[in-house]
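Below you'll find the structure I mean.
First chain written, first letter: the chains are A, B, C and D, and each begins at residue 1.
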Amino acid sequence: MSQKVTSGLTHECGVFGAIGTEFWPSDVDISQIILIGLEALQHRGQESSGIVTTNGTNFNIQKGMGLVRNIFNNENMKKLTGSMGIGHTRYSTSAASEQVNCQPFFVHSIHGSLAVAHNGELVNKNGLRKMVLGRGVGLSTHSDSELITQALCLNPPEGEINGPNWPARIKHLMQLSPLSYSLVVMLKDRIYAVRDPYGNRPLCLGKILPLDRINGFSNNCPVEGWAVASESCAFLTHIKYVREVLPGEIIEMTKGGIRTIDVIDRPEGKSPAFCIFEYVYFARPNSVFEGQEVYSVRAQCGIQLAIEKPVSADIVGSVPESGNAAAHGFAKQSNIPFGELLTKNTYVGRSFIQPTNRLRQRNVSLKFSPIGVNVAGKRVILIDDSIVRGNTIGPIIKLLRNAGAIEVHIRVASPPLQYPCYMGINIPTKEELIANSLDLMDLASHIGADSLEYLSVEGLVKAVQRNAKSENNKIGHCTACLTGNYPGGVPCEDEW
Amino acid sequence: MSQKVTSGLTHECGVFGAIGTEFWPSDVDISQIILIGLEALQHRGQESSGIVTTNGTNFNIQKGMGLVRNIFNNENMKKLTGSMGIGHTRYSTSAASEQVNCQPFFVHSIHGSLAVAHNGELVNKNGLRKMVLGRGVGLSTHSDSELITQALCLNPPEGEINGPNWPARIKHLMQLSPLSYSLVVMLKDRIYAVRDPYGNRPLCLGKILPLDRINGFSNNCPVEGWAVASESCAFLTHIKYVREVLPGEIIEMTKGGIRTIDVIDRPEGKSPAFCIFEYVYFARPNSVFEGQEVYSVRAQCGIQLAIEKPVSADIVGSVPESGNAAAHGFAKQSNIPFGELLTKNTYVGRSFIQPTNRLRQRNVSLKFSPIGVNVAGKRVILIDDSIVRGNTIGPIIKLLRNAGAIEVHIRVASPPLQYPCYMGINIPTKEELIANSLDLMDLASHIGADSLEYLSVEGLVKAVQRNAKSENNKIGHCTACLTGNYPGGVPCEDEW
Amino acid sequence: MSQKVTSGLTHECGVFGAIGTEFWPSDVDISQIILIGLEALQHRGQESSGIVTTNGTNFNIQKGMGLVRNIFNNENMKKLTGSMGIGHTRYSTSAASEQVNCQPFFVHSIHGSLAVAHNGELVNKNGLRKMVLGRGVGLSTHSDSELITQALCLNPPEGEINGPNWPARIKHLMQLSPLSYSLVVMLKDRIYAVRDPYGNRPLCLGKILPLDRINGFSNNCPVEGWAVASESCAFLTHIKYVREVLPGEIIEMTKGGIRTIDVIDRPEGKSPAFCIFEYVYFARPNSVFEGQEVYSVRAQCGIQLAIEKPVSADIVGSVPESGNAAAHGFAKQSNIPFGELLTKNTYVGRSFIQPTNRLRQRNVSLKFSPIGVNVAGKRVILIDDSIVRGNTIGPIIKLLRNAGAIEVHIRVASPPLQYPCYMGINIPTKEELIANSLDLMDLASHIGADSLEYLSVEGLVKAVQRNAKSENNKIGHCTACLTGNYPGGVPCEDEW
Amino acid sequence: MSQKVTSGLTHECGVFGAIGTEFWPSDVDISQIILIGLEALQHRGQESSGIVTTNGTNFNIQKGMGLVRNIFNNENMKKLTGSMGIGHTRYSTSAASEQVNCQPFFVHSIHGSLAVAHNGELVNKNGLRKMVLGRGVGLSTHSDSELITQALCLNPPEGEINGPNWPARIKHLMQLSPLSYSLVVMLKDRIYAVRDPYGNRPLCLGKILPLDRINGFSNNCPVEGWAVASESCAFLTHIKYVREVLPGEIIEMTKGGIRTIDVIDRPEGKSPAFCIFEYVYFARPNSVFEGQEVYSVRAQCGIQLAIEKPVSADIVGSVPESGNAAAHGFAKQSNIPFGELLTKNTYVGRSFIQPTNRLRQRNVSLKFSPIGVNVAGKRVILIDDSIVRGNTIGPIIKLLRNAGAIEVHIRVASPPLQYPCYMGINIPTKEELIANSLDLMDLASHIGADSLEYLSVEGLVKAVQRNAKSENNKIGHCTACLTGNYPGGVPCEDEW
């Protein structure tokens, strides 16, 4: 989301897949549905995007660097014919920001062509890479997508699945690499939707509604079908949310419908580990995970924060828009009135955001303006969803003080980020994370706040799990970036 | 503002001017300050932008189509040397959307070069144009800027101001054309800041703070100086707001400082006529007009609306972000809790916004998502700042109902738009204005609302004038688009 | 022409005008004919290009920086409707290389709109500029085109031609400024084709052939009409060359046909002064001036050169392709066989042509390769059309020697360039002209030639005038750049 | 070459490789030498281009669609550091014209990274492709380059060359696929230059001269080194031509120098088969194959043509520039004087060349103009190097007749093209080849010639082999496109 530009956290990817069911008109294309889905998933990656569709014979590919709206146009959309397809929107993690790394990745194999898009990062990618290279395959990139694709093509050494048994190949890969990914794998007549056994990355299933129930949709729309997406926000009103793909589940989607091929177990004794930062930071507020709306979880974090770290003040507001839900929760719990403290200038581009400290105050004041009537002469509580590098909050506090705030209390609706993520989130280095270099008091003083407090890890987990539901009653969250407890260990170092 | 895209009102322009005072280092350029100002005025025009600077000898020009951030870059900014300059950001009104109409307009004249930028529209442009053409001048565009510039160059027929007496020329033009404009006219050693005698378009004056008080600003900044801008939001923290330029005032800005050259009277018996829609719609919430913050006026409109058109409900929210202030005001006055009803997807581009009704629902649901927790099972009041064509509000109501709202009441924090504007605002035709084709009941039914009510004209004027102050105790507002009362009449028809 | 890139001479402009005659289908556009004409005139200016057409009511304009093929496309050509139009291709002379200086120049005037394109340069532009500015007109550029256009609009002071008497206005301008230009002036119902009284710049008249005689032309072509162009090469096969426009002639082209309005006299005692360098260097070899093909004049220059400056050798060749005609003439006269000495690499772009001497040898050897079989062990004569800065010929001689030439004799088919041009040709400064800094012997030694000789001025004039014909038996050529004799004097210095 | 645009033959590729020898300064990059080489090879492919360099550790890649001069610039050249590199310029043959097919192809393998560029086409690509896919490798394109690269990475099934024995892998590939390619394969410390056993595609070796012998070259140049290129024209003056790479030869280039690793035999009983169309059409006239300059072979073809197909006429000319050498040969042998008949407009772009017959005459007359003095009233012989589709020659003949030619005799300096090529040349389909649809008389009549004659196959071979030399005295040429005799058979049909 654009409001996160200065904070330093960047997500990796969004995936989307869609297929029309049997009574599908031959002249109807799925590409529009995928395009809308990618636009709605744009917050998960703004670096590149791509769509691959197939009509059962040919595969049509359109990929490029930049935002979805800059890559796809009426002309190239016309070429994306066919009744099934997958799409991807990407922020680079392990591989460089280059054209060649755009997803979906597409190859011809002895058992037919396949296209692959994924969200996540292979924790054991070095080992898997070594195995694939050792089998005599040349890899043209460092991307996990190419690695996953070539690993899927390779016959397992024992040769037991030499034929075109794709489910067996997928299962084999999941056993080799249990963490972390949400995958869509498209063959000429089916899509496999796959979530890693830990359920670390999100993936959900929806039903494309029949045409007459799709308001405002063009005629070029499938009469009915199925879709999978990283987040349910991509479903809008024309796809009905059904459920999450289960950790370890392989769903096969064909014209005939969908079915669960298998659910791969986690290693012995391991719990699910859904990324808790999806709730805190990445997901759109209207997305649904584990049966609950992200907005309501964020509001609950604000409530919890007010319980844990109360302070006396005249008004509660947020850094718009990321802290809004928590601020409303905090206000409700604390009985301090909510008020808009800052308004955002949506036109401020990144072109002027120079990475020097001297210019940061200017940039922040171009981006945010104080609402005088709510700030002047007030003791204000400012809620933010997270503090990463800590270089935006200081100038914001200064803005509020210039506008007449007499006290500024910062409350952060998540715990301090302290550890790197190896499962698909691009987190600044330990040295850059402000929570690693300054303690609370020093940090408050450094940024010019009257007080600064974070939500506790326990408080966050409590707010998240309070209403969380799962199909199999197993709930578990990855808090590695907050606690250093990595559900699947950390990668070994040698680079291939 | 991007949130206005679908509503159909488009503003015309923003102007900015800045000059460094005497003790100004010779190597310091004003262009950065103008650039920041234009970025902060981007909401007033996204079609083209330009900056002209001068070092007292040469004039440097950079203009282009598109957003400020796409026109200016490190390379072309380097050429904008000099210690004074003017800038412009434009939305086309009378002249076509083309490169040739980009402002500032620049010409060589017998009395030296001059650059002109303006916001507004000449009500009597046809007569002025005929006069200028009749003097043997060829006009290369239909823009008011070129017309104003050539009119300034021409010697008045009587020849009484044949020499380089620019104030006399400006005064002469103001008498010929009293409505409407805010102008900045730059010669090689001075800038004239001019506001039309009715004060129809805004213009304000600020003092560039000395370097040591400018946080985060680069060394390339003037030590001290003066600036004028369409809105005070362009001053950020490095320029101190001083006052509004008075209706009819001509301010001369030189290295030696500023002085009022003259204040031109309105025609006999005429009142000031500051555009009331600047408060309702155009201005940034933190801008200040007539001594009051725009946000506070909008909140007051919400209070007034709650008084005039109350309704029983569970929650009050807004169409983000334009209705926020009024919604908070309504909530406060009505004692119904405020809650976020919709979240906005900042990535949704315009490329997919097809102008057909069939696709509008899809576009609206890509752009706005309901917050389930605040909508499901609730009677909601949705506040919007204005309804122009009325084609967005219907789909939004449908979104809320799909998300479980049991009642949806629309309250509009301004009166219905019914008449065209000839003073710089691009308003849809009478036929397109929904308020002209449907009465309240029909409109509510048409858009699917349980009720729909507008703020009254009297209520709006009351909310605006409650705390408004002026230098000379004369307050008056143009409500032509709401009432059809045009302060300076309507233009005659013949086109030149 | 691309082969001239390294030599340093740049021409200024090409003009084209076309109009369909009375029985013209209403749905037929002239723009294609103008476009083809501009492509064929591209060698006269590669910096910008433009077309303006009219259907009698609206004027359609398309202009841009760059080559014709990059400016016009199917989409923008569709907008250039109408049955008459003018076009221009430009190399900058007096005004800067910027979008704003692209021609045709277009303005609205009290007597209707007009579009103007010209080739040439006003020798007295400073005086004319002062007059126009003094009348109260602001000029937005330094281009002669805007100056000419505004001067045409202005009523003469005495007021005797206040009405829309365009021929009188044009005549007035020609008397104010007799040198140098070829002009096309388009009003909504006519085009004036104008050549300066000295006939300094070329302009010729052609008849657009009826459809059934136009091979390979599309249906969208006028059935019949008239055209004017800087060179007859622009007529191709679908326009029949008729004659040159006479020095001082004003031709009016309407749907009803063409007629000569007037032929303005030169100042007392002055002779015609057609630019002799059009023959030597600028024009396409198949263009016709004064009744003779340019190629044949160039061949005659080679014959004359062989008479004046013979040398014993085994083979005669040229720097392709500019020296070809003269080399064939030289070979014929000298009885030394012609042979290709160098082949040109058409792909070598300008991007790598760095302006340092160190890289010049590399660039020349990328651009030209010696033909071993014609060079090795031979005494070669290399003919070039002109030597300007003299920095290409040295590396070429080195290439020939590396390829085994035992003697290299340079013969230049024109006299040394020694003086600036004020009539539309961009000639390097006196200091840059190699002929001004080195005498013949030193220059030969400097470039590594065994001998170097130029054609004499008398020889050139003789070769040019041998077969030249004119309508009125008056022949005269401008040799100012060779002799310093300026037909209309030199401009006064003060700049406006 | 641009003059070939209309004829329909398109070549496939040019390759270049260069390495600096031991006493090489550490700060010197090879990329400039490769860039110049690619510019000089641009005629072999204008679709895309790429360079990969290495400093022994990292590989730097820059590839793109378009001309060399549009892909590389000062900025991206700076990143191409290192003392060895390979480059490629491409015209698509088997694989589509897309970014993903740009060469060099680069992969990471278990034995290190490698980059591959090739010219040619694998006759048995389908079999090789099946083998590679069958080993479990996914192929992302249909390009031979990716196929060759992955085949090189794969361990042969028997496992005898499991280690990083690249020469053994290359040899293995050459035995699997003996036809046709010239390859450069770069590892981190060496380049292998490989020519197929038939010598079908050209490849030659040169020595980079020491700095003090390189005129006009920048300091950033290796002091000494080795280079390979598709044609010797790429060596310019700073690389000394040494010899051709032998058919089947593998040369290893390292910092220590070069050595021949092996020379792979052709299949039993097979002769060399160097593409005879390199002489006729593709190569630059100054390139050297088999000890002879291409220009001299073309001139010899003209001599042979005059012997075989004489005709009485006044003047001999050519379609510039491709027929120049043969025209001079014909003129010499026939004692009919040579003269320029046509001049070419170098500015005519491709944008207007619409592929309809109706517009072809216009395009041809924009591109070529007749030289009246050499055509009017003359019986002319026009020499062209080849006739492929036959759609350009007709309009050219018409141009000549319009200019007054009384007879036009066409002589083609090569035999009629009748068969497809499977070895890297993109020849139109049999149906499109004019020689397959019309006999000589009909064709002459169709194009409007008074007579039309081709050089015989025997005459061409005689002209080519007259002075051809080889290292091992084996000379043989592929004439498949003229005779249907394919040296290595034709590909089997099934597509992978």
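Following the convention adopted for this analysis, contacts are C-beta pairs under 8 Å (C-beta built on N, C-alpha and C of every residue); 3 or more make two chains touch, one makes a residue touch a chain.
Keep in mind it's a predicted model, so treat the numbers as computed, not measured.
Asker: Would you pick out the chains that touch subunit B and also touch subunit C?
Answerer: Correct list: empty, since no chain touches both.
Asker: Relative to subunit D, which chain's C-alpha centre is the most remote?
Answerer: Of all chains, B has its centre farthest from that of subunit D.
Asker: If I list every residue number at the interface of subunit A and subunit D, are over half of them used by both copies, so same, or under half, so different?
Answerer: Homomeric contact, same residues on both sides for the most part.
Asker: Rounded to the nearest whole Å, what is the centre-to-centre distance of subunit A and subunit C, using the mean of the C-alpha atoms as each centre?
Answerer: Using C-alpha averages as centres, the distance is 62 Å.
Asker: Measure off the straight-line distance from the CA centroid of subunit A to the CA centroid of subunit D, and report it in whole Å.
Answerer: Computed from C-alpha means, the inter-chain centre distance equals 49 Å.
Asker: Quick one: subunit B and subunit D, Cα centre-to-centre, how many Å?
Answerer: Result: the chain centres lie 62 Å from each other.
Asker: Report the inter-centroid distance (CA atoms only) between subunit A and subunit B in whole Å.
Answerer: Centre-to-centre distance between subunit A and subunit B: 38 Å.
Asker: So which bits of subunit A are touching at least two other chains?
Answerer: Expected reply: no residues.
Asker: Under the stated contact criterion, what part of subunit D meets subunit A in this complex?
Answerer: Touching subunit A from subunit D are residues 99, 105-110, 114, 130, 133-140, 142, 149-150, 152-155, 496.
Asker: Where on subunit A is subunit B touching in the complex?
Answerer: 1-3, 35-36, 39-40, 42-43, 46, 67-70, 73, 215-218, 233, 236-238, 284-286, 293, 295-296, 299, 320-321, 324-325, 328, 338-340, 343-352, 357-363, 365-366, 369-374, 395, 398-399, 402
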